[in-house]
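Here's the structure, in structure tokens; my notes come after.
Chain lettering (A, B, C and D) follows the sequence in which the chains are written, and residue indices restart at 1 in each chain.
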């Protein structure tokens, strides 16, 4: 662990004890009621320090637009993003939904729309109820007790606090001198360390860590963005978690390299981070602009929509370069 | 106008010229391509100044949870917020959607969900395409040229930049010494001025102005929250716009008092602010906590979901008290 | 049992044996794979006999229109019927979704729409997976083995064959000399017998039995149609099942009288008919026209949409008076 | 025209007059209010005659199952069929939506679901508002006057009566001695005449005509079913309409051969049949079973769901061989 830690000694020792028994249990070191895991590592001190150094001269918007044709999980059968009009100016003249007559409907030209979406489309946070392992999700919650007909009743997007933290961009693609990492490339511990070394950046407890694979450069071409993605491997994820990452994101659809290298687990980084390590995930993060500026350390400000119980929360996070 | 203005002289004179002809046209002073109106008043200087003074010791979350039973426009026929599971741990064992067999599905306990929602439910921004007037929306865009089958192609939520601005809370309910303003109460210019005077706060060009009617105290009881809401009247809205408000929000469902006082316009504050004055609106803003702390001036940080073309963008804005 | 039976002796004796042990088990007398229960009682002979006597001079349409405001289960939180445009003539000119240019889009004026609906809205059949009892649905199927994430994999609407059967209308409201039965009125065995006697009609094995409560006369007023409905009671349902009913429907939203008379079962007729007796249900059946003609015996022709796995199938059944 | 006509002389002469001016106007010969066009050609006499001859010994179900993965227009951006659970047995134990407690929820094992669908998926009828031509739909109705925000207010699926008519299967694929017609094959007048001649069948006024291209044999493989479909050409459609077809269907997704042979009209058979000739269309009709039995003339019984205003109505039609 490097650099000043903003987490106090008591928390540190609890985490150390808990790290020692990771892989055996996934009970939270933050108490029986904990539903957000390592987001607890982001202390008020970290938030204060980061915001105080945020430079607004250049604000990076880390999210993509949401539109019907955007790349998402439709090939696997998940529903596409949809939008439709409930009221259009000409339609209201015909319908007169308020009962005010055609003339007023022509004057007051109302438009209103609805959307439907798989919560894991666009830029979003995966919450800790998204994957369990061995029959439990994070902190021992179970489907039998906590999964209603329509949504989980614990560990959903509504439990996520606003996240104001130190952000670190690990531009693995650039470290490899490529625009996009090769298909299915595994971002390993060595890759992470090499990128950190090249960027002269240090990880700290409570960081929001962003992995750039370069797939974001292909957005929104589904044929380039989606198949056989490069991404984090299981050991790389564990190493980041052990450094104290509070949340880990990437510029791809699933964070981890696909297909899985583990024949007994089709999404091992997800089960590890969410169910075992308590680290929320971010996906489809827009990292092209911030990478182009070589802004590797930043103030991260993001707050996902509080969809009650949802396994993911749409989010539009911002990044601010840090003043010295 | 009071206090230091962060808007430069050229912009000021353009706005003055444009103010003089408001009510006749709704062409933007910010150019033919402008789709965000008065959000342009929030200069980088304002954003920098505000963020520099933001105190993270107390972060106010100005948004509500989204859940199926929450109060929204369903009584008027708009669709409710819905959430449902696409994958549940036990369902995956039966379905085997990945083709990995029952044992792996038991190990890797996947949950994933979808939502559908009227974009004007929960805490959200109304974009400038939400209401037109006399056949045009803001800046002369028209349905004939810019409204596709499923969504507008201009002035939607995707055009909204992240908003980092000075926020001002006008707690009209408390100024009236009530928890909730009476049904259909009109928040007029005098009410606004009295509240400003009582709070010893000043409005500035580029402010995000929040009106507290007290309806937020009744959330989420639909019978108390929804009918005959107190809110801004047309003249009050115009006065705020003329002070230079960049965005105006409230703790109710429609910002303005209902039913409308204008028999020829069922939503006159909307048509005025959106189509004539170019001022986006925020609704269902959670103002109870910030009002309880009497935090009347703050750093507002909010970025709505970039739903392409949508007439509203769900948002989870944050407010930070200002350091002196 | 009265009248000629179209069911052969072997089936009869199997049913008799099975009737003797009803209430103890809900295994089908039609085999381990059976998913449609008493629809099996409708033999080819019954279908042939009925269609041969069908008089097309007067065709009764037993279904209602589907539209957004229609009465359904929304007060209990179920989603409303929705419809929206995916393509409109003017929208296509703006969108050019086919890439043929504005002129061709003006010439070829395309409209297309989508719907979403709770499967139990409008005129529909309840399939045998809609309610279980004591942890199993009809014929011993269980959620653990047969309920996927999104739908059941057995006993859904796709398993229902076209139903061509003898239909019998029991106009209980008219038998009581009222337009609509009183709120929560229980249609008991005695009521059924009295109505049968008054109408001089006989029940036969394989009948589709329609109960008219009069609530259909209030359609589509949700305040009159929905609350505290009159309907079949548990003993009445059992008696009809024991007479050999293949399917039982009504002109109300839930077939049975509400609220339930059984404090330990909030929908006892459903659990009985679907899970114990294997008798599918029909709801929101339009019986006003056929009742006005006093057409108590008819040829029923109905085939529900084959929604794979669904707990209900929308249906537009037809009734033809019988020639002598 | 061959065989006995069931349409009376007055109607015949009106249709002749109207045929003479087809291609110039699309006003209905059935009056200013007509919204169903040539369905009017199906007289009560036709319905009576057909049902009287219907042989129930073999009932053909002409519809497909609806399920999420079925081939439909998703590649063109239309939404997929979706189904999801609103209530599951285990979810109800957690949610207790009725407020009856966990024990009763375990006893009364409730399942209920919802669907959403593009109305043009699965077996369906295209209504006359689905395509216009030169700015009008059938009978001079226009979007300006009759298209609301969410749906048409004329000529929708709710206006379709139950259809009991003479059905004729034209098995063009078998006439060509192939399982499936070649990609983009145009079923022309000559093809239709050759098939009719081979089958020794005659067309009559008021017929429901089914064209078998063989694509149904590839259902539900989207790669085989969807691209470059063989189907009716414009002249073939006109010839069928002129013979008095009341409705024309096929075992493919769009009835007509694709891509269009007309560079100025991307769907010329649709605009002709729906907007000019007033002939509703059926698509995704299951014709494999009936073709295998060489049942070329039959009693067609179908009634689409009455979705108010919809451009298509899901339908589960039945076909009965005719007794001599």
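Keep in mind that, in the parts below, contacts are C-beta pairs under 8 Å (C-beta built on N, C-alpha and C of every residue); 3 or more make two chains touch, one makes a residue touch a chain.
Computed from a predicted structure; not experimentally measured.
**Q** Over half shared or under half: which fits the residue numbers at the contact of copies chain B and chain C, same or different?
**A** Counting which numbers both chains contribute, over half are shared, so the two copies meet through the same residues.
**Q** Given a C-alpha superposition of chain A onto chain C, how large is the rotation in degrees, taken in steps of 5?
**A** 180
**Q** If you average the Cα atoms of chain B and of chain C to get two centres, how far apart are those centres in Å?
**A** Computed value for the inter-centroid distance: 46 Å.
**Q** On a C-alpha centroid basis, what's the spacing between chain A and chain B, in Å?
**A** 25
**Q** Could you list which residues of chain A touch at least two other chains?
**A** Where chain A meets two or more other chains at a single residue, that happens at 68, 77, 79, 82, 84-86, 88, 90, 97, 114, 116, 143, 147, 149-150.
**Q** Linking chains that touch, what shape results: line, ring, star, complete or other?
**A** Looks like everything touches everything, fully connected.
**Q** Considering only the defined contacts, which chain D positions touch chain C in the complex?
**A** 44, 47-48, 51-52, 54-57, 59, 61, 63-68, 76-79, 82-86, 88-90, 97-98, 100, 104, 106-120, 122, 129-137, 143, 147, 149-152, 158, 161-162, 164, 264-267, 271, 275, 301, 303-312, 314, 316, 318, 320
**Q** Show me the residue ranges of chain B that touch chain D in the complex, using the header's touch definition.
**A** It comes out as residues 84-86, 88, 90, 114.
**Q** State the interface residues of chain B toward chain C in the complex, per the touch definition above.
**A** It comes out as residues 68-69, 74, 77, 79-80, 82, 85-88, 90-92, 94-95, 97, 116, 143-150, 153.
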